[in-house]
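Each of the two complexes below includes chain A, the first together with chain B, the second together with chain C.
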Partner chain A sequence: MAHASVAPVGGPLLTRGTKLALFIAAVASVLVSVRLFTGLGPITALNDGFAWGIWKPLNVVTFTGVGAGALGLALVAHVANRGRHHPLVRSAVLTGAIAYTLAGISVLVDLGRWWSVWELVVPTRWNVRSVLLEVALCVIAYCAVLWLEVLPALLERWRDAPGARGRLAARVLPRMQRMFPFLLALAIVLPFMHQSSLGALFLFAPTKLHPLWYTGWLPALFLLSCLSMGFGAVIVVDTLTHLAWGRRRDVRLCSSLALVMAGLSFAFVALRVGDLATSGALRHVTGWRGVLFLVELGLFTYPAVRVLQRSYRENAGLLFWAAQLAVAGGALYRFDVYLGAFSPGLGWSYFPSLAELVFSLGLAAAGVALYVVAVKRLPILSGVAEPAERRQEAARLRAHA
Partner chain B sequence: MPHPTSVAGPSSPSRRDFLKICTTAAAAVGLPAWAGEAMAEDIAKGKKPSVIWLHFQECTGCTESLLRTSHPDVAALILDLISLDYHETLLAAAGVQAEDALAKAMAENDGKYVCVIEGAIPVREGGRYCMIGGRTALEIARTVAGRAGAIVAIGSCASWGGVPSAAPNPTGATGAPEVLEGRTVVTLPGCPANPYNLLGTVLQFATFGTLPALDGKGRPKFAYGRVIHEDCPRRPHFDAGRFAKAFGDEGHRNGWCLYKLGCKGPQTHANCSLLPFCEVPGAWPIGIGHPCVGCTEQEIAFRVPLHTTVEVQKPTGPMAYPGIAPERGEVSAVSAGVAGLVVGGLAAAGYVSSRKLAHDEPKEPPREG
Partner chain C sequence: MPNVSRRTVLRTLGGAAALAAAPAPAEARAPRPPHDDDLGLLFDSTRCVGCRACTVRCREANSLPEDVKLVDGVPYDAPIDLNDRTLTVIKRTSDGADGAFVKAQCMHCADPACVSVCMLGALHKGERGVVAYDVSRCVGCRYCQVACPFNVPRFQWSSATPRIVKCELCRHRWREGKGAACAEACPREAVVFGPRAELRAEAHRRLEAEPGRYQGGVYGEREGGGTGVLVLSAVPFTAMGLPALGSEAVPALGETIQHGIYQGFVAPVVLFGALAWVTWRNRRAGGGGEGER
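Showing the complex of A and B:
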C-alpha cells in the first residue's frame, strides 16, 4: 500500500464552489426532513407503478456505477499487479466510498417505513430469499470496507500529529497494513455480488421489462457496465482534479485504463447484441425505446472504438470526452432498465418531481463537497505541486482558458 | 286558482311551505338544497322566470307528462316557481287574447324569458304545414326564440324531428336546433321527455342564470351522459347471460334482460333508469317489461324496428370492477425543464471543457508520471 507520492491539496475549504454545493445540499436536506415527516406522497411523484422513480436508477445504481472505479482499480492495481496505477487508487476509493454512502442515504430517505431500517442489521428479521436484502447488506458491508480503505489516509495525516492522535495512528496503521489483503478481497467480492444483483433484481419482471432489455444475462451486463463506467469515472475525476488544482499527472495512466474500459465496453456490446440476436429480440428495435437502445449502444461503442487509436487516447481532452461518454452510456443503460424500458402496466406514468430532482442534485453536490474537503486535507491525490508551483500552474491554465 | 301551498310573498304565513316547494324542486332535479333557498329568495323578490311554451307538430305528450309531476305538482310549478306566460294547452285565453298574451310576455321579459319548444317544425313548402294565428311555426319559432334568454327543445320532436320526421317525412319536420342555427338550444329528447330534466334545466337557469353542461347534441350531460344499459336495473341479468327470448316466456316473467327482444338500451342516452317518470318507480318501458325503443335517439327511434337488436357499444364491466387502465402519475413541466437543463448543462460543460483541454494539449510541455 505504497502511496509515497500522495499529499493533501491544501488551501481554503470554503470556496465559492463548495459554498454553492453546500447550499444545494442544504436545500435538499430540508426536503429530506419534509419527506421524513410527511411521507413520500407530498414531495415526490412516485406511485405504486413506479415505486423507485429516479431514486434507484440515479441515486443508487448510477452513483454506485461511478463509484465502481474503486473495484476496477483494485482489479488493475492489485489483482493484475499493475503497480504504476497506484497513484489513482486513493482517489478512486474515496470516490467509491462517497458514492456508496450517498446511495445508502438515498435508500434510507426513500424507504417507505424508514424507521424500520434498523431491522436490516438484525439477522432474525431477514428475509433470506430477497435479492434486495442481499443488495442492502452487501452495500452496507462494502461501504464500510471502502471507508476502511480510506482510513489510512486519515491515519497518515494524524501520524505526524503530537499527542494521542499520533500514538493511535502509529499503532493502528501497521495493523491496517496487515489487514489489507483481507480488505482487498472483500472490496472485490462484495461489489461483484451487489452490482450483479442490481441487474438480478429485474429478473423478476419479465413481463414488465421491454424485451430489448430483459435477458437472463442482466447480472453480467450490470457487472460489465459498472466496470466500464467505473473506469470512465476514474478518468473523469482524474481530469477534473487536474483542471481544478493543476496537479501533475501522467495521462498515460489514464489512457491505459481507457483500453481496459474499451475492452469491457466491447464485451458488454458483444454480450448484449449477441444475446438479443440469438433470442430473436432484435426485431423489437422500434419506436422510442428502439432509439434509446441504439443511443445506448452508441455510447458504449463510440468511445471504445475511438480510444483504440493511440493519438486519441493520449490527448487528455479527447480522452476526457470519451470517458464522459462511457459514463453516460453506463448511466443510460441503468436508467433504461430501471425506468425507460420498465412498464409496470397500462396507465402508469412517471417523471420526477422538482423536489426529487433537487434531492438528487443535493446528494451529488454533497458528494462533490465531501470529496473536495477530503482531498484538501488528506493525502489522497498524487502529483500535488508545492503551493508556489501550483499557483504558477493554475495561472498558466487560466491563461490558456 | 287557489292552492294550499301557492301563497308566497311578505304577507304570507306559509313561507315555510313555500321554501319546502323550492327545496323539493331543487332536490328532484339534482340541484343542491341551498339552491332551493336561493330560488325561494329570488321568487319572493318577484323574479320568477318567465316561460313561453310553443306547440308545433306534436302530440302534447311532453306537456301531459309535465302536468303529472307531483314534486312539485304542476300548480305549484306554474304558479309559484315559474311564471308560465304562454302555453296553448293551459291558457285560459284563446284567439286574439292568446296572441296578445304572447306579445305582452315577450315585450315584458325581452331577452330574459325561457322559450320552450314542444314539437317539430315543418320546413317544406315554406312551413305551411303548421300555422298558428296566420303565422308559420317556422316564423313563430324564429321570432320567439330569437328574443329568448334560453331555448329548450322538449321531446324528441323538437329535439330532432321525432315522429313527424319519420320517413317519408312529408312535411319536412325538423328539430329546433336545425331551424335555430347559431343559437344554443338545450335539447331534451324523449317520447315523452322526463319532465324533471326540463325542471332541472329551467330552475338552474332561473336560479343561477346558467345552463347545464351539454353534450354535442345539446343534451344536458346530467341526464343524457350515459346510456340506459349502463344503469339498467336489469343489467345483472345481462351480465349473467339471463335473457327473455319471447314475451311471456319464463325469462320475461322473471324480469330478465330484454336485450334479445330488441332492447335499444345499449345505444340510448337517457336517465330513465335513474329518474322515474312522475315519481312512479318502474313507469318506463323496461320497467313494465318492454324493451327500450330508443326514443331519445334520432338514429334509432322510428327508424330501427322495435324488436331488432342493436350492438352493445359500451361493454363496460360492472361498476365494482376497477378500471382497466386509469391514468396514474403526473408529469410536471417545471421538473421536466429543470431535468433538461441539468442534463444539458452537464453535457455542454463536459464537451466544452474537453474541447478546450484537447485544444490546449499540444502547447503543454511533456509531463512526467
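Showing the complex of A and C:
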C-alpha cells in the first residue's frame, strides 16, 4: 500500500528559506501586538463601509480554499475509493490543517472583541439564525478534525520510539484506525457546510453585492470553487515538493485529479453562466466588474479545457501551470464576492494598508514554514528517496527548471 | 467491491451533496412583520430645516462625546456622517436648491439583517420593536456592518475594546417616560416619536393633506419588510440614499436557503452517516487505509 512509502524528508529545519519565512511571520506578529493596543483602525484601511477587508477573502476564504484539497482527496481516495491516490492524501490533509489554522488566527486578530470569542461555544448564547455562527463553529470543529487526521503521522514516528511515547502511540493508533470512517465523514460534511456557507454569508447583503455575483446559488458556487481550487492546490503542492526535495512521484495521479478539477470547473461555469442567463443578470456584464467576471470565467475555463487533452495534463510543467490558474480562478471568484463586487454605496472606498498585506504575507510564510518543518520530520510525503540520491535528483530537477 | 453498488453509493452522495448546496425553494421562513405598537419615528424631510438640534440632543441623551472638526482653524461639532460617536446626523441630498434634508440613523427594521447575522444576538429585537445592542454579546465581527442595507452600525476603530455604535431609540429613557431625544428636540415636527400605528396614521394624514408636497408614499411601510423609522420626502427616496428594497425582509432569502439546507439538520446527518458507512465498507474491502492504515 502507498502508506509504506511515506517518510520524513529529513534534513536541517533552519534553512535560508525557513529563516526568511519565520522573519516575515515575526514582523506580522509585531503588527498583531500593536493591534492589541491600538485597535484595528490605525493599522488597517478598514472603515464602516468596508468593515471586512482583505483578510477575509485572502486569509480565510482563499487559504481554506487551498486547504480544501483535503476535502477533495477524502472524496476521491476514500469515498470513491481510488486507492492509488493515497500517496497524496497526507500532504493535502497537512496543508488543510495548516491553512485552516491560519484562517482561524486571522479571524481572531480581525475580531474587535477577540477575548469574548470563547462564548461562541456556549450553546445557550447562540443565535441559530446566524450563518456566520455556523461557519465559525464548523471551522473550529473541522480544524480539530484535520489535526486529528494529521496525528497518525506523528504517532507513527513515535511508535518506534522507546518508552512512554512509543506505548502511547501503540495504544492510540489502532483506535484512530477504528475511528477513521467517522473522522473522514466529518472531514467531508463539515467543509461542505462551511465552505458553502462562506458564500451564503453574502446572501445577507443583497443591496451591496453586484448582481453578477448575487444569486441564491452562492453556497453551491462556493462549494464547487473550493473543490476545484483545492484539487488545483494539491497538484501545485505535489509539484513543488517534488521540485524542492527531488521526491519521486507519479504524475498520472495528478493528471487524473486534473480531470476531476476540470469537471468541477465546468460545473461551476455552467451553474454560474446558466444562473445569470436565466435570471437575466448577464446584461450587467459591463464596466470593470464585467471584466472581472470574464477573467474569472477564463481562469475557470481555460485550464479545464486544456487538461482534457491527455498530452497536456501528462506534461508535468503544463499541468502545474493549469493547476495554478485553477487556484487563481477560485481565489478571484472569492475575492470578488468579498471585495471586488461588494460596494456599500457612494463615498466608501477601501484599499488594504501595508500592515494588512504584511500580516497576510506573514501568515502565509508561517504556513509554508510549518509545512516544511512537518514534512521534514514526519512521514507525510511519498516517494522520498535516500538523502544522497535525493540531492542528486533535486540538483537535476533544478538544472532542468 | 462490485463497482455498480459503489456507483449507486456515489450517486446517492452526489444527490445529498447537491441538496446540501442548492437554493432550496423550501417553505419560506415565517415572516416577522412590524407590530402596531412597535415604537419608531416618522421623519418628514419636507419639514426639516437642517438645524441639527436632533444631532446635538441625541449626543447629550446618549452621553456621547462631540465630534469636533477644525474648519479653517475654528473648531465645530460637525459630524458629517454617522460615526463611532454620532447616532444620527442630518445630511443633504444635493448641493442645489432642489436638495432635501436626510436624517441618517438606524431604521429599526422589523426583520433586520443585522439581527439575523449576529452570532450571539448582541444585536437583537428588544422591547417594542427596538433593535437593541448588548455589548456583552458582541465579538466585534462587524458582519452587522456588512449586512445592514443602510450602513448604520458603526465600529470604534480606534479602540482596543471596541463596540458597535448605533441608535437604540433612546430605550434607556423610556422608563423615565421619555421618548427619542431627537424627536423631542425637533422644533418643526419633522421628527415624531411614537407607536407605529400612530406614526403611519400621521404620515398618511400629511400625505393626504398636501399631496403635492410629497413623492413616493411612506418609505418603511413595506420596504425591507417594514422599518420602524418611516420617511416622507419631496425627492425620490433613492436620492435620499435609501436603498430600493422590495417588500421582502433583507435576510429572508438567505435564511430561507440556509434553513432549506439545514432543515432539522437532516441533510448533514444523512450525509455523515452515508459517508461513514461507505468509508467503513471501502476499508473493510481492503481498498482504503492511507496513513491511518
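As a working rule, the second predicted complex is superposed on the first by the 396 of 401 C-alpha atoms of A that agree within 3 Å, B and C clash if a C-alpha of one lies under 4 Å from a C-alpha of the other, contacts with A are read in each partner's own complex, and residues count from 1 in each chain.
One rule holds for everything that comes next: a residue touches a chain if its C-beta (ideal position, glycine included) is under 8 Å from a C-beta of that chain, and two chains touch if they have at least 3 such contacts.
In this text, all values refer to a predicted model and were calculated from it rather than measured experimentally.
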Partner chain in contact with A:Trp114 - chain B first, chain C second, else both or neither: second
In the overlay, answer first, second, both or neither for which of chain B and chain C A:Leu203 touches. second
Partner touching more residues of chain A, chain B vs chain C, is chain C
Figure out whether A:Ala77 sits in contact with chain B (first) or chain C (second), or with both, or with neither. second
After lining up the shared chain so the two structures overlap, which partner does A:Gly49 touch, if you call chain B first and chain C second: first, second, both or neither? both
Just checking: does A:Leu346 make contact with chain B only, chain C only, both, or neither of them? Give me first, second, both or neither. both
One more residue to check, A:Pro162. First (chain B), second (chain C), both or neither? neither
One more residue to check, A:Trp321. First (chain B), second (chain C), both or neither? first
Where chain B and chain C land on the same part of chain A: residues 47-49, 87, 345-346, 348
Residues on chain C engaged by chain A in the complex (per definition of touch): 1, 6, 10, 13, 17-18, 20-23, 82-83, 113, 115-121, 124, 136-143, 145-147, 149, 151, 153-163, 241, 243, 245, 250-251, 253-255, 257-258, 261-262, 268, 271-280, 282-283, 285, 287-293
Touching chain A in the complex: which residues of chain B? 323-332, 334-336, 338-339, 342, 347, 350-351, 353-361, 363, 367-369
Contacting residues of chain A [partner chain C, same complex]: 1-3, 6, 36-42, 46-49, 51-52, 77-81, 83, 86-87, 89-90, 93, 110-114, 116-117, 119-120, 125-127, 129-134, 136, 149, 152-153, 176-177, 180-182, 184-186, 188-189, 192-193, 196-197, 200-201, 203-208, 215-217, 219-220, 223, 344-346, 348
Please output the residues of chain A touching chain B within their complex, sorted ascending. 45, 47-50, 84, 87, 239, 243, 248-253, 315-318, 320-321, 324, 328, 345-354, 356-357, 361, 400-401
